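Each of the two complexes below includes chain A, the first together with chain B, the second together with chain C.
After this line comes the complex of A and B, so read on.
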C-alpha cells in the first residue's frame, strides 16, 4: 500500500518535471514561417551568420536580446522581399558595422590574421631546413688521418680509465 | 655571432609583443565599438509624438532649430534613470536641445505582443517629474524601426545630429560628466 503511493507520487513528480520542461522550450521558441523553402534556407543561413550587436559572442539566432529579435524580423522581411544574402548582410553592416557579421572582410587590419601564421610557418620551415643542413654537415665529417691518431689515443685512455674503475669497484665489493 | 644573439632574443621579443597585445586586451572595454553611422545622414522617419500622437516628427522638424542630441531611452531602462538628472542639467545649464526616442521593449506584433501606450505615458510623466525632464519632446519608436536604422543596440544611447542632419556622434551607454566632457561636448560645440 505504502509502496504504491510512493510510486504514484514519484510518477507525478517525473511527469510534472517533463511537462514543465516541454512547456519551457515551447515558450522560448518563435515560429517563423516561410512559404518558399529557398527563402527559409537563406533566412536560417543569415541568422546564424549575423551577430547580435548587444551580446559579446552570439549570433542573432541564438540571442533573445530585443535587438536580435528586431534583426531577425528585419532579416525575414528583407528575405521575403527577395533580397540576396549579400544585400541583407550589407543592410545590417551599414547600421551595426562589421561587428554584426561573423565573417569579416579581408582588409589591412584583418590581413594580419591571415599573414602572421603563414609567415610563422615559413620561418619555422626555413629554420628547420637550416638546422638539418648544419647537422648533416657535422655527421658526414670524415676523420682525416691527422686527427685519427689523437682520437685513437683519447679513446684508449678512456677505455683504460673505465676498466680501471670497474676493477676498483669489484675489489671494493669483495 | 651577432646573428646568434638576435636568434636567441627572438622568442623573448615575440613574448614581449604578445604580452603587450594581451595586456591591452585585458584593459579594453569589449562593449566599445565604432559606430557605422557617424558622418552619415540621419535616416528618414515619420513617427508620432509620445504624448500627442497627432503630431508627426520627421528629420526636417528635428533639425529645424539647429543641432540636437537624440537620446534613446525607456522607463524600463535602469541606466536611463541615472542619466536623466545629468541630461536635465545639460538642458538647463548649457541649453542643449535633447529629443528623446522612446524605445519600448515589449512591442512585437508578429508575436502578438502589444505595448500599453497610455501606461507608458503615465510612467514617462511620473519619471521625468521625479528625476528631471531633459526632453523637448519624445518620439515614439514603437516598432523600433528608426532605432534599427540608427544601429541602436539597446538603451540608453545618444546621438549628436548637426543642423545639416548629419550624425556626428554616437554613444552607447549613459551620458555622464566624463562622457560629456571627453567625447560629446567637443563635438557639440563644433556642431553649434
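After this line comes the complex of A and C, so read on.
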C-alpha cells in the first residue's frame, strides 16, 4: 500500500467517529428492521451464538438453510417481544436441543472442560515452585546485581577468547 | 500410462521406506556401516519416487485424464489450469499424496543437511522417519490410492472441483499447512532418536531447534493463510470459527510453540529435558490426530471436503501405534533423563515454564472442546455444541497472563533475577499502554469497548517491553544477534494479532440491507452505492456482479464487485465477496439473494484492523524463518 493511502485512511479513520452515529439515516431498508438499537445488538449477538441444526457447522447468522431462516425470524420475534438473551436461548434449546447453542451446558461430563485446564495449571505452578525451591537450596552462591554486570563482562570476554581459539584451531586443521 | 507409472512409483517408495525402517536398525545393532549408510540414500530415493508420482498425478489433471477416478471426481475440462493443479490436492487421495511429498521432502532435507550430525544419530533419525513413512505409504496404497481408475467405463467429463476450493488461498494454504504438520515429524524423529540412543544431553535439543522452527513457521503461515482464505471465500467475513478442522491445526501449533520455547531451555540450561521430549511427541501426535479428525468424518465440520469414515480406522490404528509406541518408549527412557540445570522462582526458566504451561493449558481447552461433544453423545447425554462463546471466554483468561509474562520474560536473566529491577519498566509500560490504548480507542471510535481495550493494552505492553529489551541488548552487544531478531519478530507479530483480534471483534459493524440498483446505504461513514448489476461469466461458471461504489465524504474510495457465481457442473452457488482492503480497515461487501420484489440482499461490513491478524501471523512466521539463518547452527555443525 502506498504511504499516501495509508495516511489517508488514518485521517479517515479518525474522522469516522463523527459518522458512526449517522447509521440509520439512509433510505435503504434493512433486511431485518428493529426500532430499538439495543434489540438489534442483542439480535446480532444471538444469531451468532445459535447453531443451525441442519448444517455442517454454521451459526444461524451465516446459514441460508430454511431452518436457519426460521430460527432467525423467531429470534427476531422473541427479541422484539422484549425477551432477554437467556430467555431466547432457553426457548431455542427447548425446541432444537442443546445442540443449537454454541455454549455447552454445565454438567458432570462438561465440567472437565473448565476443571482439567485449571487443575493442570495448578499442578504445573506447584511443580515449578517445588523444583525451583530445590534448585535454590543448592545454589547458595547468590549473585547480586552489582556483581552480575562485571561477571557478565568477564564471561563475554572469555567466550570471545574461546571462540577465537576454536576458530584458530579449525583453521589449523584445515 | 502415466498414471500407472505414478502408481508404480508409489509402490517403489513404499518398498524403499520398508527397507529404510529395517536395514539401518540391523546396521546399528551389528555396527555395520554399510547398512547404516544406506539410510540417506534410501531417503533420497523415497523422495524422488514420491515426487515423480505426484508429478504423474498433476499431469493426469492437466491433461484431463478422466480414466483416473480422482480426476473424474475433482476436475473438469473447463477448469482453468491453475485450479487443475490445485485440484490434484483438493481431494482426500490427492491431498494425502501431497502430504507424502512433504513428508519425504523433509526427510530428503534431513538427509542432505544433517551430515554434520554423529552418524548413528543421523541414521536413527532417518530410520524413525522411515517407520512413519511405512505407515503412511501403506495407507495411501491400501486405503486411498489417488491413481484408482474408472476403466473400463470412464466418463466424458469430470465432476469439477468443489467451487469453495477454487481460490488462490486454496492453492497455497494446504501445502503450507502440510509442510508444518509433517515438519513436526522431524522434531518427533529427533526426540525419538535421542530416546532410542539414550543420549539425552542438550545437544539433541540444539540439533532439533532449527527443524522445529522451520516446521513451526510453515504451520504458522498455513494457519494464517487458511484464516484469510475463509475470510475472503466463505462470504460472511469470519476469520476463525473454532471449527474442528481449524482446531485440528491450532493444537499442533500451540504445542509446537511451547516446544520451540522449551527447546531453548533444554539447550541453554540443561533443564526441562524430559518435558521437551514429551512436547515433541505430543506435537506430532496432535498433528496426526488432526488428520484423523479431518479425514475420518467423525466430527462435523464445514471443512470436511475430503472425509471418508472407512479410512478413519486405518488412521486411528496409525495414531495408536505412534502415540502408544512413543509414549511407551518415553516412559521407559525418560526416567533416566536428568535435568541438572538449577533455577530460582524468578528466572527466565520459570518464565518459559509459564509460557509452556499456558500453551499446554490452551491446547487442553481446544482438545477438550473439540472432542467432548463426541464423547458426550456416545455416553448418551445428548448432542451438545462447543463453539465461540466457550473458546473465546477461555482464551481471554489464558491470553492475559500469557501476554503479561511474554512482555517481561525476555528481560529476566537465566537462573535467577531480582524482582526489584522490574518495577520501574513494568510500571512505565503499564501506564503507557493503558494511556495510549484509551486515547487511541476514544479518538478513533468515540467509545472504549472493554475487550478491544484489553487487546490493545496487551499488544502495546508486549511491544513496549520488546522495544525496551531491544535497547538494552543493543547497548550491551552493540548488535542484535539473529536469534534475537527472530524472537522480536515472533513477539511483535503476536502483539499485532492480539490487538487486531480485540479491535476487529469489537468495532466491526455490519448492515444487512435490501437494495435496488441506484440505492445507497451508509455504514461507519462510508456510503455504498449499488451502481449496476453486471454479468460476469468465468470459464466454468456463470456470474453476476453487483457494482458497488464506495464513497467517503463525496469522494470515491473504491469501486468493488460483489459476485454471485453459479457452477453448473456441481450445481452450487458461491458468493465471491468484494473486499477493499487496507492497513486500518477492510470494507467487505457480499451479495446475497435476489428478493421477490427484484431487489437484492446485500451484506455490508466495515472491519477495522482485521488485516492485523494476518500481518501479525506472517510476521510471527517470519521470526521462525529468520532463526534458520542463525550462524550458530551452521558453525556448530561444521565443528562437530
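Note that in this section the second predicted complex is superposed on the first by the 90 of 174 C-alpha atoms of A that agree within 3 Å, B and C clash if a C-alpha of one lies under 4 Å from a C-alpha of the other, contacts with A are read in each partner's own complex, and residues count from 1 in each chain.
Here, a contact is a pair of C-beta atoms (placed from the backbone, for glycine too) under 8 Å apart; a residue touches a chain by one contact, two chains touch by 3 or more.
All figures in this text were calculated on a predicted structure; none of them were measured in a lab.
**Student:** Which touches a greater number of chain A residues, chain B or chain C?
**Tutor:** The partner with more contacted residues on chain A is C.
**Student:** Once the structures are superposed on A, label A:62 by its partner contacts, choosing first (chain B), second (chain C), both or neither.
**Tutor:** second
**Student:** Does the superposition put A:113 against chain B (first), chain C (second), both, or neither?
**Tutor:** Only chain C; A:113 stays clear of chain B.
**Student:** Looking at A:99, would you say it contacts chain B, chain C, both, or neither? Reply first, second, both or neither.
**Tutor:** After superposing on A, A:99 lies in contact with both chain B and chain C.
**Student:** Please work out whether A:158 is in contact with chain B alone, chain C alone, both, or neither, and reply first, second, both or neither.
**Tutor:** Neither partner.
**Student:** Do chain B and chain C land on any of the same chain A residues, and which?
**Tutor:** 30, 56, 97, 99.
**Student:** For chain B, which residues are in contact with chain A within the complex?
**Tutor:** My answer: residues 30, 33-37, 105, 108, 110-111, 144, 147-154.
**Student:** Under the touch definition given earlier, write down the residues of chain A that touch chain C in their complex.
**Tutor:** 1, 5-6, 9-10, 12-23, 25-32, 44, 48-49, 51, 55-59, 61-62, 64, 97-105, 107, 109-110, 112-114, 116-117, 120-121, 124-125, 128-129, 132-136, 138-139, 142-143, 145, 148, 152, 166, 170
**Student:** Which part of chain A faces chain B closely enough to touch in the complex?
**Tutor:** Going through chain A, the ones touching chain B are 30, 53-54, 56, 65-67, 69-71, 73-74, 93-97, 99.
**Student:** Over in the complex, which chain C residues touch chain A? Could you list them?
**Tutor:** Interface residues on chain C, with respect to chain A: 234, 236, 238, 241, 243-244, 300-302, 304, 342-345, 347, 349-350, 353-354, 357-358, 360-362, 364-365, 368-369, 372-373, 375-376, 379, 381-390, 394, 413, 415-416, 418, 421, 443-446, 476, 509-515, 519-525, 527, 552-553, 582-585, 593, 601, 608, 638-639.
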